[in-house]
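Below are two complexes that have chain A in common, paired first with chain B and then with chain C.
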Partner chain A sequence: MAVSPARPISSRRLRAGWRTRLFAYLLVAPVVLLIVGLVAYPFLFAIWVSFTDMVVGSVGQFVGFKNFQYLAGTATFWSAIWNTVTIVLVSDVLKLGLGLGLALLVHQHLPGRGLFRSFLMLPWAMPAFVAFLTWRVLYQPIGGGFNLILTQTGIHNGIIDFLGQRSTAMASVIAASVWRGFPFWFVSILAALQSVPRELHEAAIVDGANTWQRFWNVTLPGIMPVIIVTTLLSSIWTANGFEHVWLLTAGGPSDATMVFPVLAYYGMQTQRIGEAAAVSVYMLPVLGILVIFATSLMMRREE
Partner chain B sequence: MTPAVATASTQRRYVMGRVVSYALLILAVLMVLFPIYWMAITSLKLPREIYRVPSLWPKTFTLDNFEKLLADGSFLLAIRNSLIVSTVVTLISVTISSFAAYSMVRFRYRFRGVIGRLILFAYLTPGSLLFIPLSIVMAQLRLGNSLVGLVLVYLTFSLPLSTWLLQGYFRGVPRELEEQGMIDGLSRFGALIRIVLPLSAPGIAAVAIFTFTGAWNELLFALVLITSDSQRTAPLALNYLITSDVLPWGPLMAGAVISSVPLMVLYFVAQRFMVAGMTEGGVKG
Partner chain C sequence: MTEARNPHGWTRRRVLATAASGVALAATSGFPMPAIAQSKKLTYWGGLIFSEEANALLTDTIMAWGAANGVETEVVMINQNETVQKVSAAVSSNTMPDALDVGLDLLLLLSRQGVFSTVDDLYKKIGDAHGGWFEGTDSATDTSAVAGGRTGIPFGVNGNLLLRRKDLLEPAGFAEAPKTWEELVTQAMAVNKSPVSGLGLALSSVGDANVQVNVLQSYGGRIADDAGKMVTIKSEATRTYLTWLKDAWDKGLFSPGSTSWDGAGDNQAYLSGQAAFIANPGSVGIAAKKDDPELFEASAFSPLPAGPMGQVSPITPQTRAITAASPMQDEAKALIEHLAQPEFMNAYFNVAIYGPVLKAQEKLQAFDGSNSILVGLLGLAQNGTAPAAPDVYNAAWADLSSNFVIPKMCQRVVVDGWDFDRAMDEAQTQGQAIYDKY
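Right, the complex of A and B next:
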């Protein structure tokens, strides 16, 4: 076989390529190994466990869909579905409204807008557990800030047990979770507004578009991708949120605010691990779709 | 209608618009501040002003609640545990995530796309799904009820987040600067340490703060993993305050102040970096 003169060079190149590739793999390896070991493996393990009768201290036998059937027969499970969906949808709508409205207000070139932005971001900077413990104190019948304001301003006489009665518990949980969650929407939408090219607005003004038409035809299409990603992320986080319900009501009164993560936690506490895992796995189909959508959009935005 | 009148009416509409905007913004700021205010004053009130004669502005200020909270040393221990766990998680995450992010931004190789997707999936994989298997795995590794176990578990959310955000920052570092450094005799790794990392310092600072607060704020994993008093973190210590029979609101809010005010000040100061990370990477906070 004829030895081409290019060979030594190309083999050196190949070696360099090989070493560079090894270097690249070595750099990425620790993160990949830890993610495979601490996220991917436990993820698959959870699915397996949900099909077993595992309790604390036993490995558990495969029992097919028994855990899923058992759960579907309990009223608490159906409350958890209903409540999780309600919290996600209602708080998404409220957070979108607040986030968009406030972002539009701050986006006008008002003096002091930087200060308003800083203050409106504060709930996001507050640790979730602190925020929800504080709201729990605010909701107290005795010594709670809300009851005090209601009675002192004369809006409502008598004490409201916000978290203790079925009629107000859910709305109270949602209000607290909107307070803590809207800044993420506000800041994301504000950044998107600032990236809509000014020329588009000017062109629309030249074409005689009024404020409403400009919002509808220029602003909204410009910020839509951000609104979609924000909605997906926020829905995933809210559906998996534990603190807002756990620290305010622990799922009560009588399951009025029970959600999936809290139900799974109770399952863990009663040591029936198979059933607890089945609770989480029930969320997978819907969450999986949201996660796949969110990752594709985020990866596309990255490129 | 004369032009002068038209200008006056536009002027009036403009002023009205301003007034309404400011009124709405001030209302929103008040609604944001009220819970924070309530946390702060409750921590400074005497029990009688919390329970018997509640007031919007306390008549006497007291540090009793802080003394009560800190008296037996258990909350200080929890703060110490939280500091240890959050610091270690941050150091590990930022270090190995910058390696991974650099590798994925600079080199093209097989599986790079798969790894990128895996990291994003891991970021969005719900903790509520992982806490059950992770608690079993940690028990098998004999790391249940330990801060080491907690650190490992917190890497599940901090690694994907840091890697994802750092990729964004590293993309902004011009390749030419690195090549120049390598011509001047730096190795690849040297170029990463001496050129890429220093140039991305603001981004790395933001990622470090996000990682630290993520670990500092975490409750569910700690609740499942930690069983003994001596290993409790700050969120856990406060959680167990409300599950006791009497609800000690004063000390509870004192604990809330201690665990949140330093972070909120930090965000206020560093928010320029934080906002960029939050909007580009999607950071829950």
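Right, the complex of A and C next:
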């Protein structure tokens, strides 16, 4: 059987295909340039800088892992690790509890729930700077709102220096951070609750499931993907968060609330850019893993 | 038909192709640095300070000088707390101003990198014209060893003064300022009653808390040896100092919150009537004079107390520098010379918080004794100790100060309850690690 020869692709079609590809590349080129210029270059440059002894006004020399070794030898660095992990974990748990509880409440057909929903978003809508400075004022030992309440109600006599003593500083920072961040959890979980099919609840009721069983077996599995993504995003933001610690305690007292972003900022203040960059680079592996998880989960949900 | 609907041939493909080409062209043409003609505008970064009048006076004077001399001039006031960040970015991106106000730490660091022009001729000219420079200022701002010449022209000195509530202390029997740190505790004890705390001294990780270094030094403690290489924080003298600190802390003399204050913590404590003593460069006095004249009248300024080894009250000179890459060297020099004129400086001293740097400035009206803050600053300029003295002022010292090693040692003792040895050991190790980098 004679095989017909493959039909030669005309040079005109080849040129058209090449033009189409070029056209496509041209379309994405501006975005690629922007990403390279605004994300990739600064990111890679920061990594490079962390391996140099760069100070203000000098390009610096390659020093290998010297900056990382120096940091690892300081007590403050280990405090920053411990504190960052503590703030992220405790904040996430509290935000989850608060966000989930309020979302379940608002999800009910209650009168005025639209107003209540908007009201709950206020902390998130408020500029972080204003929010945390307000908290700082509330925490003031003399004339601060919390101390006034405690003394006026007779709950506690005397002054509590919320931000100035190790025993209360971290808890105070976490409380403010949770207040500012829980609305994101609330609104994410509320949206997820609304997407859980009503039929599943009705079927569970018919099967005799009580409220707890319906929550555990129907609601929670339905909103779990959103909770995981929210947890990952919130963890990244909290670990990278600067203003809540800086505005409240600047990492003190002693290093009771020192976290990585504040430590990096102190590095900048000493004009040793290489060391400051090394602090940030230390965070990369953990944050990178969180980012990859969050991104893949979100993409899977979209699919 | 097609032609009729689309007479210009603008197909979807053509529209997209044109748009893409346009965007690509715009994007690519934006990257090469355009050949901008060298601007002849002189840009000056002034140091923004607590006094709005002083900031406005500096700006207006520079602009007036520009107008009178046909030099287009721009003044940008930079918050002094952000100078390091702004200058760092400007050095990296090659966008430094032609001239700027700069503190001694940054001047030394950048002079080593060759960022500033040497201005020995201008320094001599101004000194000769105004009776010579004060000795402390002269030695503190000498960058010859690191830059081959002087790079900064001093225009003012500041440093900590002791500010006290005489309206509280005099009725308690203390008409005179405390001469020693021990006496300070005694006086503070006498007026320490809520809501007033005896001592409004910062113990947090802020620049104000580095006054604790001066206390430590006045007790005989040292940061490093005479070579400025070997850290010597752990010593019996430091232990004596820590004993003084712990004693004052245990007596409840320090203001609540002093271990977590920001840079304005002591200011706010004093201005709100919650502290009897603070160590401050004078900004609180300026604020009180403007917003609370009653408090200002009830306050008095004096030098920092002394310890067993004497008084340590360092001056911090502020300087003006010219960027080496500036195409307007002559104009910048002329401007800085103009800014040293007594008419301007007298007006500036009256509203700013700086002491004099030139001997002829002693005779300015500003220092005639009518302003107690300026009297204190004049005394500081005349008798203040050199930066870091008796330690060696070098880059390691500046790094250690910026890392708040001594305030952190204090926090270990009063916040974390560490014993003195453990706190000194950590400070010693941390300090040596910093000094080893240089």
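Methods note: the second predicted complex is superposed on the first by the 271 of 303 C-alpha atoms of A that agree within 3 Å, B and C clash if a C-alpha of one lies under 4 Å from a C-alpha of the other, contacts with A are read in each partner's own complex, and residues count from 1 in each chain.
Rule of thumb we're sticking to: a contact is a pair of C-beta atoms (placed from the backbone, for glycine too) under 8 Å apart; a residue touches a chain by one contact, two chains touch by 3 or more.
From a predicted model like this one, the values you see are computed outputs, not experimental measurements.
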Subject >> If touched residues of chain A are counted for chain B and for chain C, the larger one >> reply: B
**OP:** Figure out whether A:Met126 sits in contact with chain B (first) or chain C (second), or with both, or with neither.
**Re:** first
**OP:** Have a look at where A:Val291 lands relative to chain B and chain C in the superposition and call it first, second, both or neither.
**Re:** first
Subject >> Which superposed partner A:Leu38 touches (first chain B, second chain C, both, neither) >> reply: first
**OP:** For A:Leu27, decide between first (touching chain B), second (touching chain C), both and neither.
**Re:** both
Original post:
Which of the two partners, first being chain B and second being chain C, lies in contact with A:Met268: first, second, both, or neither?
Top reply: both
**OP:** In the overlay, answer first, second, both or neither for which of chain B and chain C A:Gln140 touches.
**Re:** both
**OP:** For A:Ile223, select first, second, both or neither according to whether it touches chain B, chain C, the two together, or no partner.
**Re:** neither
**OP:** Check the residue A:Gln108 against both partner chains and state whether it touches chain B (first), chain C (second), both, or neither.
**Re:** first
Original post:
Can you list the residues of chain A that touch chain B in one structure and chain C in the other?
Top reply: 23, 27, 30, 140, 142-143, 268, 273
**OP:** Would you mind writing out the residues of chain C in touch with chain A in their complex?
**Re:** 16-17, 20-21, 23-24, 27, 84-85, 87-88, 91-92, 106, 109-110, 112-115, 194-195, 204-206, 255-260, 262, 272, 274, 399, 402-403, 408, 411-412, 415-416, 426, 430, 433, 437
**OP:** Please give the residue numbers of chain A that touch chain B in the complex, ascending.
**Re:** 20-21, 23-25, 27-28, 30-32, 34-36, 38-43, 45-46, 49, 98, 101-102, 105-106, 108, 110, 116, 118-131, 133-138, 140, 142-145, 148-149, 152, 179, 183-184, 187-188, 191-192, 229-230, 233, 236-237, 239-240, 242-243, 246-247, 260-261, 264-265, 268, 273, 276-277, 280-281, 283-284, 287, 291, 294-295, 298-299, 302
**OP:** Sort out for me which residues of chain B touch chain A in the complex.
**Re:** 18, 21-22, 24-25, 28-29, 31-36, 38-39, 42, 50-51, 54-56, 96-97, 99-100, 102-104, 106-107, 109, 115-122, 124-137, 152-153, 155-156, 159-160, 163, 167-168, 188-189, 213, 216-217, 219-220, 223-224, 235, 238-239, 242, 249, 252-253, 256, 259-260, 263-264, 266-268, 271, 275, 278-279, 282-285
Subject >> Contacting residues of chain A [partner chain C, same complex] >> reply: 23, 26-27, 29-30, 33, 55-58, 70, 73-75, 140-143, 159, 161, 163-166, 169, 248-256, 266, 268-273
